Every structure is written in C-alpha cells, then in structure tokens.
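As structure tokens, here come the structures.
Across the two complexes that follow, subunit A remains constant while its partner is subunit B and subsequently subunit C.
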Partner chain A sequence: MSLTAVKEAGSGTVTQPPGPGKVRPRKAERTYYLMLVPAVLLFTLFITLPGLVGMFYSLTDYAGFGDWKFIGIRNYTSMFGDPRILDSYWFTIWFAVVTTVVVNTLALLLALGLNGRIKWKTGLRGIYFIPMVISGIVIAYVFNYLFSNAVPQFAAQLGWTAGETSLLANENWAWLAIVIVTAWQAVPGAVIIYLAGLMAIPNEIYEAAQLDGAGAWRRFRSITFPLLFGYVIINTILGFKGFLNAYDIIVGLTGGGPGTATMSVAMTIFNGFAGGDYAFQMANAVVFFVFTVLVSLLQLLFVRNREVNLS
Partner chain B sequence: MTAIDPTVTARAAEAIKAPKEKYRVNWVQTTLLALGTLVVLVPLYFAVSMALKSDRQAASGSGFAWPTPIELGNFKTAWELTDFPRAFGISLTVTAIAVVGQLLVSSLASYAIARNWNRRLFKWSYFYLLAAMFIPFPVVALPQVKLTSLVGLDNPFGVAVLHILFAMSFNVLLYTAFLRSIPHELEESARMDGCTTWQVFRKLILPLLAPMNATVGIFAFLSSWNDFMMPSLIISDPSLQTIPVVQNIFQLKFASNYNVAFASYLMAMAPTLIAYLFAQRWVMSGVTRGAIK
Partner chain C sequence: MRTTTMSQRLFPRRTFLLGSLAGATAGGALLAGRGSSGDGRTTIRFLQNKPEVVTYFDALVADFNASQSEVHVVHDSTPTALVPQFVRGTPPDLACYNYNLEASRFVARGALSNLGGLADARRIDPGVQDLVAQYAQYKSQTSVLPYSITAAGVIYNKDVFEKFGVSVPRTWSELLAACRTFKSKGIVPVVQTFKDTWTISQGLFDYVSGSALDVAGFFSRLQALGPDAGPNAEVSFSKDFGDAVEKMLALLAYTNRDAPSRNYADGNVAFARGDAAMYLQGPWAIGEIAKINPKVRVGTFAMPGTENPDDTKVRVNLDLALWIPNASSKQDAARAFLRYLMRPDVMDTYNAKNLAWSTTKNAPKAKDERVSGLQPYVDAARFYQGAGTYFPGGIPVLNYLQELVLSRNAKAFLTQLDDDWARYAQRNA
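On to the complex of A and B.
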C-alpha cells in the first residue's frame, strides 16, 4: 500500500483535484494521508477510546482502583433508583430548558434593538458583547459575592426582608441565580447570530409592509420572526446542548448546593473521582451520552421537518 | 446550520457593505438600550470597585461605594497569592499550543478531506469526526483522566492536546465548508508549475483560509484561556494550574480577602478583555462567520 502511494505521489497527474466526471485513482496521494490520519488516530486514542473504556467499566464494579468484576447492568438499574442521580437529571433538564428560553428571548429582543434606528450602534454592541469573552468561573465568583453579600445588604437597607437571605442559599430558588449568570454570559453569542439573521433581511420587505399599513408588531410577527426562524433553531440547538453540560458557573455560584439542589449531571459524574463509585458514574456518563444524542437527533429531526414545510 | 440558505451570508455581506442610509434616530430605543448596558457594566464596576478597596472598606457595606482610599496593593497581594506569573505563563502556553494546534491540525485534515471527498477513508473520517460533536467532555472525562495520567499527559500540555482534539469536530466542519467553495482551478495551475501538495497548501490554501483561521483562532483563544473544567480535572499538579483554576484559593484558603480576590479576578479577566478592546470588530466578524457557516 505504501509503495503505490509513493509512486502516485511522484507522478503529477494523479494529484489533480477532480472535476465532475473525472476518473480518480483508488488511492490518494500520501501527503493527504499524512495530513489526516495522525489527527484521526490521536482523536480516536484520546476521545473515542476513553468513551469505549468507560462503557466497558460501566458493566463492572470498578472503584477506580484495585480489583473488579462484571456485574452486568446492575449499575444502570441502581442508577434509576438513585434519587441523587434522578434529581441531577431533573435539575439539568429544567435548567437547560429555562435558560434556553430566557437566553433566546433576551437575545432576540436585544438583537432587534441593536439592529434598529439607534445612535452609537457600534459602541452599544461593543458593550453588550463583553460578557462573551469573560471566563465563566470568574464571573460566577463575582456574582457569587453579589448574590450573597451585596444584594442582601441592599435588601436590608430597603427593608425587603425576603431579599435579605442570599438567593444562593435558597434551596428552591438557587437555580434562578445560575440561570441569571449563565444567561448573562450566553446572551451575546446568541445576539450575534440573530444580528446576522436580521441583517440578511432586505429592507424593501419592511418598506412594502409599511406601505400596506402593517404595524411594528405585525411586521415582526409576519416578516422578522418567520425569516429568523432558522437562526432561532441554531441558537436553540447550540444553546441547549451547551447548557446540558453546565459546570463552571454552578461550581462558582453554589457548588451544587444548597444540599444537592443544583447538582448538574456533569457534577455528579465528576464525583466518580472521589466517591469510589467510578463504575457507577461511568454508567451515568453512558446514559447522559445517550440522552444528549437523543436530544440532538430530536432537534435535527425537527429542523428537517421544518425545512420540508417551508419549501 | 443546515437550515440556513447559503445566499443569506452573501446578503448579509451586502447589507454590511451597503452605504449607510440616513435615518431618524429612535431616541426612546437608544435610551432603553443604553440603560440596558448597566446589566453588563454594573457587575464589572462592582468587580473594579471591590478590587480597589482597603481591607476595612471591603468588609463593610454592600460593595458598590467608590473606594476611598484607592488600594492598589490588592493587585500585588493577589499577584503573590496566586503566583500570577507562573499561572499566567501556563495559561499562555496552553492557549498558544491550543490555538496554533487547532489551526494547523484542523485545516490540514479538512484540506485532505475536501480534496479526497470521493475516497471512502476521507469521507468516513469526516462523518466520524462530526459524530463526535455529540460527545460532551463530562461523558469521557473519567477514563480520559486515567489515560492522560497513564501516558504522562496529566499536565498543561495534555490539556492543550485535548483542547485541540475536542475542537476538531467543529473546526473541520467550518474549514471543509469553506474549502469546498474555493475553486480548483487555482490549485491546478499551481500544480502545473510543479508545486507539491504541501507547497500548494502552504502557499495557496493557507492564505485563502485567512478568514476561517481568524474565526477558529478567536474561538480557540477564548475557549482555551477561559476553560475551567478540563484543566481542573486533567492537571494533577496544583502548582501547574491555569489562571481560571487558581482563583479557587479565594474560595478555599483566603475566603475573607474579598478585595484581594476581586483584584485577582480582574487580572484573570484582563487578557481576554484587553484583546477584545483592541480587536473588537475583528472578534465580532469572526464570531459571526462561525455562527452562520
């Protein structure tokens, strides 16, 4: 195989990129293999292989060290009876859904505003995009102090008793703080995508609609939103998938607490390092993986159907 | 991404280039948006004002008051507590390797894929890499930590390697989409002149890829510099941790030195913020390209 590759690399004609209808030799030039194969092998070694090894261990009672034996699907069955795990899934899904809705609503509003007839367009956009470049954990630390010290102090001065205890210490509402900070950081990215979509809508359509007497709300509902729909889908898919992996901001804000109220799935998996339930958490990781794939496929299916409807 | 009509990008480009029409400024909207920036600016103001406070002032009040006296010594203390130069150097190394590596590895692989699309190995590699976009880091994290320590990569270099590999799926998607739009005629004439494939790539393709390189480079820089999850799990030696990870000493050891902590947070944010201030337009157009491709 290597011989033929060398031979072909030497002759000039084989390397010609194909046009439609041209006949190609079976083997590509060796250079192309050198460009691709090492990268794919490294990828397999560091990403695919650990995934497979993890799947293997999820069928054992491996504690992360020492002996192990096969125990079949017992890790999986006990997973579904473990309230810690189930709670982390409910929390993660709830958090991802709420954050996706909040981020997209705010981003769409902001994009409409920033695309409008305003002064200081560049400057305002420049400010709104700042959160995008800041590290999640660091901004979470900043907000952590705001929620647990600054806001309660303000509330005390204003005589608002409910606000005097930190939002982060409230078992029922701590998730809201995480949504707020995540949205603070994720909105700019979504705004950029919406702005790209808005700029692609030709102005003439609006002018024509205005001549026909369509008001602002009507123009948004009948022109802007349908034409932006593809971008809504992009933002939903990208955002939801990212929010499912929530970690940094939760670590910086609540550390999963109070109690285990804001433990995300990623955080429970990482517990496998310390708790000695390595194999159990690998089963959790496998389930999480399947879940992520299912969600992505569902979203893609939805996009497909939508495309058919539009055409 | 597939849902978007490719002509949209072309129209977007036109819209940017079109001469600016004069319009009547909507002042209500402008005012609302200007007020809205407070949501972004207030936390940042808060961080700055905390970082400049004396120990006594930091311990009292809500923290919004402007610092009197201004205590610049906090930065020095934070610098020493976090061993800033070392953490900075490590973050910089990881980020530099990740950026250069992502640019090179992904563009080379994409070039090979785009020019050998009708060969099974290349086509399947593409779908294989793409399928991996579904794999979130937490899923493979535990075995990966074992593997990296087994092969001696439980260090910043290992993190950079993982950054390169994890970003490959998305980068290859971006690059191949772009490479398919480059006409083959250019390459053919270069080959007529006796250029090898390497030379064609270096002298012809790489310069043509410049806009995509900017996009990939910006994403690589931001995500690598700001990453917390991977270094905190992969790097086993605490003295080799990156800037975002070393901030945790203010949660664990020095939990009441708020002013010093905020000085440290500011120093951690500074590099990306400064880069953004200087290259704002560039960053935004780069991110937009990544979003609509």
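On to the complex of A and C.
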C-alpha cells in the first residue's frame, strides 16, 4: 500500500516540464510544487508519521494504551523464534508467488482473446470486468458458500468422495481455494493493463510479420510478448506486492484456517492488535515492510533494461 | 405495561435520533454526550451492543428518560471504537457490556471507577462477583458489576432421548454410552460445526475441560508463573489438559461426518430438524432453534467430564456487566442510570426474557424448561468460565482447536499452547 503511494508521490518530482525560455519553466515548476505539496503533506501525516510511530513502539512493550517501557529489540528476537510468525511468512510468500503466476497467465490469455477480432467484444470486456468492482469480502463470502455447500453437494451427486468435504476444511489444499478466489478478483485488473498494452502495438508490425511468413505463435513470441514486457513487469510488481498484503479474502474464506494453515502476515499483524500484542506485531510489521521494499527493489533491478521499445 | 403520554411517545423518537447520531460517528456521539441538553439535564452516553437486545434497551432508556428529569441517556450500540475512546480519554459514561478478557484489560489498568460503595454492589452474589476477578482485578476495587449470566450446557432433543430410552448422562462413561446408542440407531449423537472456530471452543473444548479440571485454578497458577511458563513448568497444558483433550478426541467419533465444513447456522438447522441428539451450544442457540422448528422439545444438561457426578459444572459467562470509566465526568448521572438498571424488577425481567440469570443473591430461578436443567448448578455456584476465554488474542487458540479436531494430534496441540503461552508471557513480562 505504502509502496505504490511512494511511487505515485515520487513520480511528480521526476517529471521535468519541457519548454523553451527561462520564465515559463520556473512558473511551471511552481505550479508543480503547489500540486505536490498537499499530496506530500497528507502522505506524511497519514502514512509516514504513523509508520514512524509504529517503528518507535516496536521497541517497547506498549499494549495500545496504558503504560509502556523500552525493551530494545526483544520483540524482534522473539519474532524470529516464533514458528507461527515464520509459517505465516512462508504461506504468504508461497501464496503471492503462485497467485502472481496464475493471475498473469490467465490475464494475458484473456487479454489476447478480448483483443482479437471477436463478436460482442465490448460486452464481453464489460462482463470480465465485473469481479473487479465487487468488494473482496463479499466475493469471499459467496465463494465460501460455494466451496462449503454447492461443490460438496455436486461432488456427492457425481459420487466423487474426495470432493464431498469442503476444500476450505482441507489443511493441505485450503490455500488453493484462496488462490482461486483471489485470482478471480485480480485477473480483470491485470487484463485491463494488458489490453492497454496490446492496443498500443501498431497493427503494421503484425502485417509486416505476416508478409514475412510469421505464424501466430511466432508473432506472439517475437512481437507481442517483448512489446508487452513492460506491462508484464507492472502487473507482476503491483500484483505481487498486493498479494503479499492478502487479508480480506482470507478472512472471508478460511479465517486463517484450517488451524493456522492460511494465516497471512497481514492477518497475524492485525490479530495482534486486538490481542494486546501491539508492540510485538509492530515489530512484525516493520520487518514485513522492509521485506516488501526489498522484494520490490529486487524485482525492479531484475527487470531493468530488459524492456523493449519500438523506437 | 404503561400508559403512553405525549412526551413518552416523543422520547423514543428523540432517543432514536440521538442514537442513530451516536451510531453514525463516534464524534456525533461525543457531541451528544458532552455537556448537558437544553432542558438542564445531564446527558450521558450508555454503551450496550448485544445485538439481540438493542431494541429492548432502547425501550428501557426511553422509560428511564421519561421517568425523571435529571439525566438524559443516549443509547450507543456501536462498540467498535471502544479502545480508541479509552485512549483518547472519552469512553462511554456507562457500559452494559459483555465481560470477557478483552474488557478485563480496562479493569487491570485501573481505567474503571470503584462501584464498591454502592448498595447495589452488596446485593451481587459473591460467587458471581468472583468471576470478574478470574480475568482481572485492580487493587481491592469493585470495578465491574455483573448484570446477566448465561449458563451453557449440552442442548439435547428430549424426543430423541425418550424414543431410545436414554436418560440424561451424569458421568463421562454414561455420556459415551448414550453416544453409542444413538450412533447404532443412525442418529448423529453430537452435531458439531468446526467451520466456525468459536463453536469448537464454546462446546467441545470449554465443556469437556470445565468439568474435567479446575479451569480458573489452572489459569491463575499459569499466570502466576509469568515468563517461566512452558511445557516443563509445574503447571502446563501438556500436563493438566492431556486428559481433557483425549476426551475431546474421543467424542469426535460421535460427530457428524461433515462437521469440518459446517458452520453455526448449519448446526442450528441440523439440530432443529431432529438430525442429532445433542448439540454443544449456549442458550442463544435455543432461540434460533425455536425459530427453525418451534415443535422441537429441547432441554439442557451440564456436560459430565469425569466418573464423579460431583465434578460436573456448567459453563457461564458474564454476558452483560456494568462499569463506569474513571474518565467519565458525569459519574453521578451514570450512577443514577446504573441504579435504575440494577432495580430487581428491571434486571430480573431482562434476564428472564433472555434465558439468562440475574446476578444478585436469591435471584429468581429459570422457569423456562429449556434451560432449567442448569438451575441446580447455578444455585450451587458450580460453574466456570470457558478455558477458551482465558487466552489473550495474541494466541490464536481457536485456530489451534480447529487444527486439533481435523488432525487429532493432541500432543502437537498441547505443545503449541505451552510454547505460545510461554512466548506471550515472555514478551509481556
């Protein structure tokens, strides 16, 4: 959450107003600064300052109210010895990786389909867009019902015994249900970005390629995918970061269960607030923040200079 | 009940208006609660949020507002910002709130005023008042006055019991024998709903452990250990809960096969339809069952946990308790409404209507046959607060319980509780 905000707020400073003369740029700069100030102030007040306060309290034994004292890095050391915390990290990373792959594969396929010469294109695009505008918790409760009641009943009628107990009650496979529902909600957003990318590719290149005798797969591999790579990066980074913060869909589907099998880091942090573990989970939040920043930086480093441009 | 005058017809509307204001934003509630209303009354904000009885308390508040001209009570039924309100120093002036470990933190930190001087405090049954201290105690203060006790046991279908000639079990082996009888006749002995994790704690965990061991004693000794707690300490879950957990697992053999994917509402439906003989739920489920099938004949008995019927106890919780924060600047006005709520007719009417018990000495007995089976235990103060309610939120005991009933690994469950408790105690030492 905070990371995207940083990027958005930061992008304003990078933009240099072009234009000849000496007076106009200065004037324009002032305008840019004026546009920037409210965002920076609000961001500092509501994101940076609370973040710093949280970091401060992670070094104390604060319960959220009442007395507190400094305890140094004890919250951090006990965090790394807590299997429950470590398990939540493994689950969250696994979930985020799988969901990113699933979402991007499906979204790319759907975008290629919806960009093709098909009937009802606009209507179909609208239908595929619907999941995006429904709140995650609502989707989760609907799917919860489907997984717990509809699917087992259907399985019973087909005589498929393994399907008769809900996927959500299966300790080893409940994560799959969460991936399915998260992907269902996240695919449309990624499709839109891929569609934008596809529409930005001029038709002439495809025509030229076709004249040269390139088949559909060759055109995808050598033209579409390289030119779309920037959009793949955007979807991967934003998607992965979003999936790391998984919360509402898990709450609605499994509540972290069965047992603690699907307890995400965000859930662990939030549950600690209610449970008098404020300072301890603040330490967890700081570690998670650093982790998310590192992952995003690594992703950026990895993909830098791999983008292909037409010009 | 009472004749309706012009002002009384107006008052509920006004309360509703102010109440919805309080509900809309905490800020609105604070504005309404600050200072006094135009007619010279002191306005107090009264927090009460038990969903089933919000309208009931709306009527009580309206009655009280109409009955005198000193205090104007605004009913606030949104508790979500309770802790932040304490942090900001603007808690409600009076609360009639579920007393649990969470609420006990206000007691432990001395945020509640001493009600020990009130005559009403001396009317409370000492056995009931002790329940407050089992979670927290601040000096020798009486910080909380219990208002309503709900007692929970095994809900059973009287028709099914009579049909197969089974009588109410008094010992653990009689319970298992009853289960075997029902199972052999194709009736689900005990319907359970593992999808809603709180139901595992409420029923299986709390009931079995409550009768099998001294829960309050165990947790007070465990808390006394502080950071020294752990699997090898003199009291530990591994040592003291082993027997109870084995018994829980034994009962799983007599549970509906689809329990892992059933939730609380499913359990109510299954029991109301007569699919099962027994149901491990509290009195709140009885009302739901009656809505689904008014014809089902229901009774409640205390679950035995040992071979000695004298060990059997019922699970209670202080469903509602009254407290007044120190931070309230309107102590007198709050106490005036508290005295009204504590009037025997007001208190006893509420509790009789909600299948609960009043908390005073010589409180009236339960007349409803659906819960009257628990009366002897309430009379003798043979009750306990569920083991599951003693865990701080930082330990996800409900999730661990779900893992236990799915994996049936008692040792892993107990070790996990011991380790988590030790870690929690160490970082809060």
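Keep this in mind: the second predicted complex is superposed on the first by the 261 of 311 C-alpha atoms of A that agree within 3 Å, B and C clash if a C-alpha of one lies under 4 Å from a C-alpha of the other, contacts with A are read in each partner's own complex, and residues count from 1 in each chain.
Convention: contacts are C-beta pairs under 8 Å (C-beta built on N, C-alpha and C of every residue); 3 or more make two chains touch, one makes a residue touch a chain.
Here the structure is a predicted model, which means the values were calculated and not measured.
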Exercise for the section: Using the superposition described at the top, determine whether subunit B or subunit C touches more residues of subunit A. Expected result: B
Exercise for the section: Could you tell me if A:163 is touching subunit B, subunit C, both of them or neither one (first, second, both, neither)? Expected result: neither
Problem - subunit B versus subunit C as contact partner of A:272, first or second or both or neither - result: both
Practice task
Kindly classify A:75 by the partners it touches after superposition: subunit B alone (first), subunit C alone (second), both, or neither?
Solution key: second
Exercise for the section: Enumerate the residues of subunit A that count as touching subunit B in its complex and touching subunit C in the other. Expected result: 149, 272, 281
Fill in the blank from the handout: Interface with subunit C, subunit A side, in the complex: residues 61, 63-67, 71, 74-75, 78, 81-84, 147-149, 152, 164-166, 168-169, 171, 255-261, 263, 271-272, 274-277, 280-281
Completion exercise
Seen from subunit B, its contact residues with subunit A in the complex are 1-5, 8-9, 11-12, 15-16, 23-27, 29-30, 32-34, 36-37, 39-41, 43-44, 46-47, 50, 61-64, 105-106, 108-109, 111-113, 115-116, 118-119, 121-122, 125, 128-129, 132, 134-148, 161-162, 165-166, 168, 184, 187-188, 191, 194, 196-198, 201, 222, 225-226, 228-229, 233, 243-245, 247, 250-251, 258, 261-262, 265, 268-269, 272-273, 275-276, 280, 283-284, 287-288, 291-292
Completion exercise
Listed in rising order, subunit C residues that touch subunit A in their complex are 83, 86-87, 102, 105, 109, 111, 194-195, 197, 258, 260-263, 392-396, 399-400, 402-404, 406-407, 419-420, 423-424, 426-428
Completion exercise
Interface with subunit B, subunit A side, in the complex: residues 12, 15-19, 24, 26, 28-29, 31-33, 35-36, 39-40, 42-43, 45-51, 53-54, 57, 110, 113-114, 116-120, 124-139, 141-143, 145-146, 149-150, 153-154, 157, 184, 189, 192-193, 195-197, 199-200, 202, 229-231, 233-234, 241, 244-245, 247-248, 251, 265-266, 269-270, 272-273, 278, 281-282, 285-286, 288-289, 292-293, 296, 303, 306-307
